[in-house]
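Notes follow the structure.
Chains here go by letter, A, B and C, matching the order in which they are written, and residues are numbered from 1 within each.
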Amino acid sequence: MTTEQAILNGIAVFLTLCIFSFLYRDNPFYKFAERLVAGVATGYWTMLLYHTNFTDKVLTPIFVRGQLHYIIPALLGVLMWTRFSKKYAWLSRYSIAFYIGISSGVTITVTLYTFLFKQLQATIGMPITADYAGINTFLIVLAVVSALVYFFFSLPHKGAIGTVSRIGIYVIMIGFGAGFGMTVMGRIALLVQRVIFINDYVRGLVAFIGGS
Amino acid sequence: MKREIPIIIVGVTGVVMFFQYFIPTGWSEFIFTYGQDWVMVIGILSLPLGIWSLVKANVLKLKDPKERFYSAVLLAGFLAMVLTGLKRESFEAGSVFMKLFNTILIPIQATVFSLLAFFIASAAYRAFRARSVLATVLLITAFLVMLRFIPLGPISTANLGAVAWILSVPNMAAKRAIMMGIGLGAAATAIKIILGIERTYMGRD
Amino acid sequence: MSFLEKMMLIDRRWIYLSIGLAVIIPVVVQFEVPVSVSPEVKKIYDFVENLNAGDYLFIAVDYDPSSMAELNPMAEAVLNQAFAKDLKVIIVTLAQFGPGMVEDLTTRLAAAHHRVRGEDYVFLGYRPYPAITIMLMGINFRVPFPVDHYSVPLDSMPMMRDIRNFADVKAVIDFTAGNTADFWITYGVGRFDFPLAIGITGVMAADYYQYLQSGQIFGIIPGVKGAAEYEQLVGFPGKGKEQMAYQVIAHSVIIAFILISNIAYFATRKQKQQLGGGR
């Protein structure tokens, strides 16, 4: 560990502890760190957008490569700034309209293909055989259909529909339970990483002080 | 002029992009590429709106004695990054810009999210109770998934098999059903937008 | 108020303290945790392992510092494997703080494996709007990224000379903490049909198995446990494996919390029923 690393990582540890202080209650240290990161994050993103997006996709194409057709989307992008004016805010709708129209047109086909057709194909396209895999295939069909029936509100959930819908909610609960179990792992991982970071720093600092 | 033209733009661009998928020719790909590329440029130029709003709001807050210090901290952080990031080389490892990123942004952002570990433990203690049969099913599933982490010899081996089955059969089926609903909803919304039925994206006059 | 009733109403800060202490224990008492490899992780490892030197692998580092605890170890393990096998790696990020993550990964790992930027790997950079960026990359990487993150034109790099789009790479592996995985599946695989694998956070893990069964993705690295499994396969013990001991203790504590709170709940409910106060 160098002196610079000791100082910079020391600041990082201090800021980490500032955030952890929120666990006791909201306090000025937490607020300080929270606002600092908001400013730094915005500054980082501003420069990232300027250097790697605005320069590469707007300035260079128009002024260096002479691709003048980029002037049209650039002007539409500038129109977005009229949102700050009450009088001219409606002009920004033209830009939004291009964005929304193009996105919507593209979305329909790929969404139906990915979320519906491929999923349906995977559900009913497998043979139901008299072995372990076949039983699972049958259970998948049953579980998917019953969970779909649970979300289908155009028919009253009574009689046979009610029974299938009841199976559906159990399937969904198993799904949520699995999600919760996995979430615990994820959240703990985030905390553990900070503990390892502080531990590494303290050990490094002790060795650094002892060695100097 | 204020509402009709945007609706026409949405309709025309939406229909063109929809049919483009089914016509894989050179011209069709040309339209697709330029359409998407233009949207990206529009998007890049509209993103500073958010940055401007945040900075403006905090400049105004400098007048408020209670918020003055924290707004100054935010603006100082913002300016520090802008000034140290003026050159494109600033994004390479070792620059002051990247040192600020590593020293401030990484630890704070990572720690803010690590607080969720405490909150989920609290939630597990307070809300995770077998109040009904459905809640018990949810609880047992989560319990088995969590138990994977604890080395318990042959119990772990059996549990790993059970969890693999849970994830790939009932859990998968539940998520598939939800996903199909989302897919239908997204496609229906897109169709409504193209047909001009859904207009909330335009805001109010 | 009985002990069990007090347990039911315990201040949340005691729970926080317990979890805090639980994750400190492995700092003092270190122990090894056995890691068993799941098939969905092994599939990705085998796929990369069966590639030949010089083959192209596309890696998307779509995460921010908020989820680097889970995703950095797996991205590191896959990149280690790719560099060790002498694969050509194309990297992109669709997360706003992703460039910082990539910079850290490539600086450390490229140096360790003596890999050169522009010859062995390229970092395309960051673009907002993931769906659009993915679709444009499907046409040609040069449309959204005429130059790489460091302003070097893609055409000037020897490794990018004959590489146009996803058809020229063997697979895409996406490490993501948000819905970017959905964008890769929907707008990437849905439109351009390339082999895709995902490394995702624990929170997301249970939500992507339907794509595995339908063949839209060929593998999943789920959370930090998946990262530990991959590290074991690659033979580079890293932060994923290191986390396992902490995970064991923390999970034990949370499981104990659930058991205690349920025992207290049922015991107090029974008491109330006996007193005629409960339902």
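Everything below uses one rule, namely that contacts are C-beta pairs under 8 Å (C-beta built on N, C-alpha and C of every residue); 3 or more make two chains touch, one makes a residue touch a chain.
Values in this document were obtained by computation on a predicted structure and should not be read as measured data.
Novice: Sort the chain contact graph into one of these: line, ring, star, complete or other.
Specialist: Drawn as a graph, the chains make a fully connected set, so complete.
Novice: Between chain pairs A-C and A-B, which one is joined by a greater number of C-beta pairs in contact?
Specialist: Looking at A-C and A-B side by side, A-B shows more C-beta contacts.
Novice: Centre of all protein Cα atoms: which chain's centre is nearest to it?
Specialist: Answer for the innermost chain: A.
Novice: Where the CA atoms of chain B average out and where those of chain C average out, how many Å apart are those spots?
Specialist: It comes to 15 Å between the two C-alpha centres.
Novice: Compute the distance, rounded to whole Å, between the mean C-alpha positions of chain A and chain C.
Specialist: It comes to 12 Å between the two C-alpha centres.
Novice: Please report how many Å separate the Cα centroid of chain A from that of chain B, as a whole number.
Specialist: Roughly 3 Å, centre to centre.
Novice: Would you give the residues of chain C that are in contact with at least 2 other chains, written as numbers and ranges?
Specialist: Those would be 16, 19-20, 23, 66-69, 97, 99-100, 127-128, 132, 135, 144, 149, 151, 191, 206-207, 210, 213, 225, 247, 250-251, 254.
Novice: Give me the residues of chain B that touch two or more other chains.
Specialist: 21, 36-37, 39-40, 43-44, 47, 88, 91, 101-102, 105-107, 109-110, 112-114, 117-118, 120, 124, 128, 139, 143, 146, 148-149, 167-168, 171-173, 175-176, 179
Novice: Where in chain A do residues touch two or more other chains at once?
Specialist: Only 23, 41, 44-45, 48-49, 52-53, 57, 103, 106, 110-111, 114-115, 119, 122, 140, 175, 178-179, 181-185, 187-188, 190-191, 193-194 qualify.
Novice: Name, in rising order, each residue of chain A that touches chain B in their complex.
Specialist: Touching chain B from chain A are residues 8-9, 11-13, 15-16, 18-20, 22-23, 31-49, 51-55, 57-58, 69-70, 72-74, 76-78, 80-81, 83-84, 89-90, 93-112, 114-116, 119-120, 122-123, 136, 139-140, 143-144, 147-148, 150-151, 168-185, 187-188, 190-191, 193-194, 197.
Novice: Any idea which chain C residues touch chain A in the complex?
Specialist: Spelled out, the residues of chain C in touch with chain A are 13, 16, 19-20, 23-24, 27, 66-70, 96-97, 99-100, 125-128, 131-132, 135, 144-147, 149, 151, 185-187, 189-191, 201-207, 210, 213-216, 222-225, 239, 242-243, 246-247, 250-251, 254.
Novice: Which of the residues in chain B come into contact with chain C in the complex?
Specialist: Residues 21, 29, 32-33, 36-37, 39-40, 43-44, 47, 88, 91-93, 98, 101-102, 105-107, 109-110, 112-114, 117-118, 120-122, 124-126, 128-131, 139, 143, 146-151, 160, 164, 167-168, 171-173, 175-176, 179.
Novice: Any idea which chain B residues touch chain A in the complex?
Specialist: 2-3, 5-7, 9-18, 20-22, 34-49, 51-52, 54-55, 70-71, 73-82, 85-86, 88, 90-91, 97, 99-120, 124, 128, 134-135, 137-146, 148-149, 163, 165-184, 186-187, 189-191, 193-194, 201-203, 205
Novice: Per the contact definition, I'd like the list of chain A residues that touch chain C in the complex.
Specialist: Its residues touching chain C are 23-24, 41, 44-45, 48-49, 52-53, 56-57, 60-61, 103, 106, 110-111, 113-115, 118-119, 121-122, 140, 175, 178-179, 181-196, 199.
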